[in-house]
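Structure first, then comments.
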Amino acid sequence: MTDKHTPKTTTKACSRRSFLKTAGKALPAVPLLSMQTEAGFLERFFQKNFKELSTREKDQIVKRLEQEYEKEYGKKFTVGAEPALKGVQFAYALDLSRCIGCRKCVYGCVTENNLSIDPQIHWIRVLEMDEEEGVNLHNATPYYNHKKVPAEGKAYMPVQCQHCRNAPCTKVCPVQATWLDDDGIVVIDYDWCIGCRYCIAACPYGARHFNWAKPKPKREGINTNTHYLGNRPRMKGVVEKCTFCVQRTRKGKYPACVEACPVGARKFGNLLDPESEVSYILKHKRVFILKEELNTQPKFYYFYG
Amino acid sequence: MYFIEFIKGSVKQVTTGNKYYWAWVVFLCLLIVIGTIAYINQMVSGLLVTSMRDQVPWGMYIGNFTFLVGVAAAAVVLVIPAYIYNWGPIKEIVIFGELLAISAIIMCIGFVVVDVGHPERVWHMLPLLGTMNFPSSLLCWDVVVLNMYFLLNFSIATYLLYKAFMREDYNHKLVTPLVLFSIPMAVSIHTVTAFLYNGLAARPFWNASILAPRFLASAFCSGPAIMIILFQVLRKTTKFKIKDEAIWKVAELMAYAMGFNLFLLIAEVFKEFYSDTHHLVHTKFMLFGYHGHHNIVMFTWFAIFASVAAFIIFVIPSTRKNFLTLNVGCILIYFGVYIEKGVGLIIPGLTPDVLGEIYEYTPSNTEIFVSMGIFSLGFLIFTLMMKVAVPITRGEFHSSRVSVSQE
Amino acid sequence: MYFFRPDQISYKMILKHRNIFSSFWGARIFIVVSILISSLLLTSFSADTDEPSSDKLGVQVPPPPFSEDIFPCSDCHDEEQPTNPNRRELEEEHEDLVLKHDEENRWCLDCHSPIDRDSLRLANGTHIGFEVSYKLCGQCHGPKLRDWKAGVHGKRTGSWNGAKQYLLCAHCHNPHQPAFKPITPLPAPFRPSEIRLNK
């Protein structure tokens, strides 16, 4: 195990691509080239599931990733690997009577979590529905395009990962690349995911997103404060999703979408703390969860404040 | 020693043939090359070159996978009468059913490999080495049963062929239990594949307990349909004799399976329309289109028409025993079930998506080329295996050893 | 664990208002600035503690959102300008202010004190500062005030388990016209059919 040979993923990939273009395409052996012969390759290939890594191994991997990202983006990255917080069950509450459908949360999330601009990935979908119909997903669209929101007679419902206690996605993952961490966050080990997308098929909330191509986050203003299971730059062919901003929340900060919401519709906190905002909401407000009948037991509550 | 001879002889068998054989092999190789190029392009650019998106995360690849699991399972249709009833004419063609199953499973594995984003990480699924999510994930179950089924068929077929090559009688005490075991295995590969979809509460179209029986019923039509046509090709192109009765018997079994399949379809459609819940949107989308999206409707009705027509052809003895109508029926069944399992299962199951969005999926060129490549690979493997198996079963290709029975 | 009590709001003035050194604010500014400096010193000396100690005391609220050069009111409303207590349409000053907030039953001096012009006035006659204007709002909007105190109504930023930045009601709701004005949304996501390979 050594960090000396940091693979130049991008440059290699580029040269490989141009090679392909020029040298013709009919070489069946070409995919093998992606298994580069650098010293880092084997250790990367045989890297274990994050859940099974020792602290020392985690440190080494984190260091390697930080060097890789610095090389790619020209900025110093920190890749955190903070474990789940003790005595904490993260939960979210969203006040539907406040939400105006401005999508500030969507783009706050894009910036914080280094989401790909091209191909576009949004972890939050803001659905527009008819006010008089109430919540009806079969008459909802995320593509509304008004000059001003809220539009007359419309209601809005942002949907993102609901961090289910009984999560269908973790149940179906064939390799345990995604799991419910002890503080209630459903996380993904991007280096372990095989990209089968069974979890996307299983998720009732459309919360999971696949990297259909190499994700390209905004280079300037890229968030260098990352977490291994959260917003670190991802690779193509793996699934990603909202992590309750694990890189922020495990350090006590609110998720980016809470900070971005101009109307204060988004509430976040520790369910085990009776004084937290989410506990107050569960106690005093009428809340509902999305698709209750599926018994996914989300920790994402909608309420009318 | 004789095994080396067997291998050498097999290589010789597959490298000698008439111009039609070579034309067929070259044609398949060409398609494989095209598929490989398309796949390399997909590897380099990412799965963005397919039409799959987050709203419809699975498409043609997984549809083909599902269909081919059915084909593989259908080998059992030939095994049941051959071994349980010890019915002569079918027994000699069982081996070809098993070879078809082997090729089908290889194609299944191919379709899974091209579908996943990181095929090189598949070892993560292995027990001990990786972190296999067993028994929780149905995908793990599928991997286990498919591999078991593959090994089972591969060893039975190899053993039987080798014994025939050696001109020895095979060990009944060994083969009969293995063949009998392959019957529940065939049922389980398709049941587990059905459960893969069935278990997803997020997708009400799949979350119906009738799914696994429907899978089996349709598989018992599609697999034999391919085989009936293959048998006729074999009779024409080789000196291999397959009795008409065997083909008719298979066709009769297909009629029952198709009748049952249609019955289950009606049961499902009735439930959806009569209860008229939100879940109806998927069936509506499939049968009539929804919110102006109609691409799939034509395929659905073609599949229904094909299945009904084939059922009528197969259930009436005179049309079943007429090889023209029989072959028309086989082709109808093949395409009917192919649509039902691919377009008709995956697409309406995922459309509208879980948040009510409709994205009309139609496979991209990459998907079509790669799929063609994998089908060609499967056909090529099947062709080569047949090229060895046919002369063995006909006693034309055997070891140089003077066999005991002939002395 | 911290508990929010409205009285604990440490009101941090940002030194941007020109009239800040008026006599009313002088004492407060001095206190706040000295607290700020001392807490700064404290945190710099105890750098290994996670949170600044001052933040543990309670939540933070930015200063009330006054229009520029409008406060203190007593700059204009001084002894030479006697208060006219009769309800009327304003014509000389503040004519741009349109009250759409129970305007049938109320007018300026129901909330603004006619006696101490730099204060707000509760229904019982108590005078309060603008920095605790939520007490005034809460007279009618009791449940909302309760939710706000719990952190449930209104925007909170900062730390889910530590210091939070609160906003006063008036930061989001114009007290004279509290209904939200529609805003321009950020761009809609691409449709799946629009997400393609760009070469």
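The letters A, B and C name the chains in turn, as written, and every chain counts its residues from 1.
We take it that contacts are C-beta pairs under 8 Å (C-beta built on N, C-alpha and C of every residue); 3 or more make two chains touch, one makes a residue touch a chain.
Because the structure is a prediction, the values reported are computed rather than measured.
A complete topology is adopted by the chain contact network, contact being made between every pair of chains. Innermost chain of the displayed assembly, by C-alpha centre distance to the whole-protein C-alpha centre, is A.
For chain pairs A-B and B-C, the one joined by more C-beta pairs in contact is A-B.
Rounded to whole angstrom, the centroid-to-centroid distance between chain A and chain B, based on C-alpha atoms, equals 37 Å. With centres taken as mean Cα positions, chain C sits 69 Å from chain B.
Residue positions of chain B touching 2 or more other chains: 45, 48, 53-55. Residue positions of chain A touching 2 or more other chains: 119, 125, 142, 212-213. Residue positions 191, 195-197 of chain C each touch two or more of the other chains.
Within the complex, the chain C residues that touch chain A are 1, 3, 50-51, 147, 150-162, 167, 172, 180, 182-191, 195-198.
The touching residues of chain C, when paired with chain B in their complex, are 191-193, 195-197. Across the complex, chain C is touched by residues 93, 95, 100-104, 106-107, 118-120, 122, 125, 142-150, 212-213, 249, 252-254, 258-259, 261-264, 267-270, 273, 275-277, 280-281, 284-285, 305 of chain A.
Partner chain A is touched in their complex by these residues of chain B: 33, 36-37, 39-41, 43-48, 50, 52-55, 57-58, 112, 115-122, 124-125, 130-133, 136-140, 143, 196, 199-203, 278, 281, 350, 352-357. Of all residues in chain A, those touching chain B in their complex are 16-17, 20, 25-28, 30-31, 34-35, 45, 49, 51-52, 119, 125, 127, 136-142, 159, 168, 171-177, 192-198, 200-206, 208-214, 236-238, 294-295.
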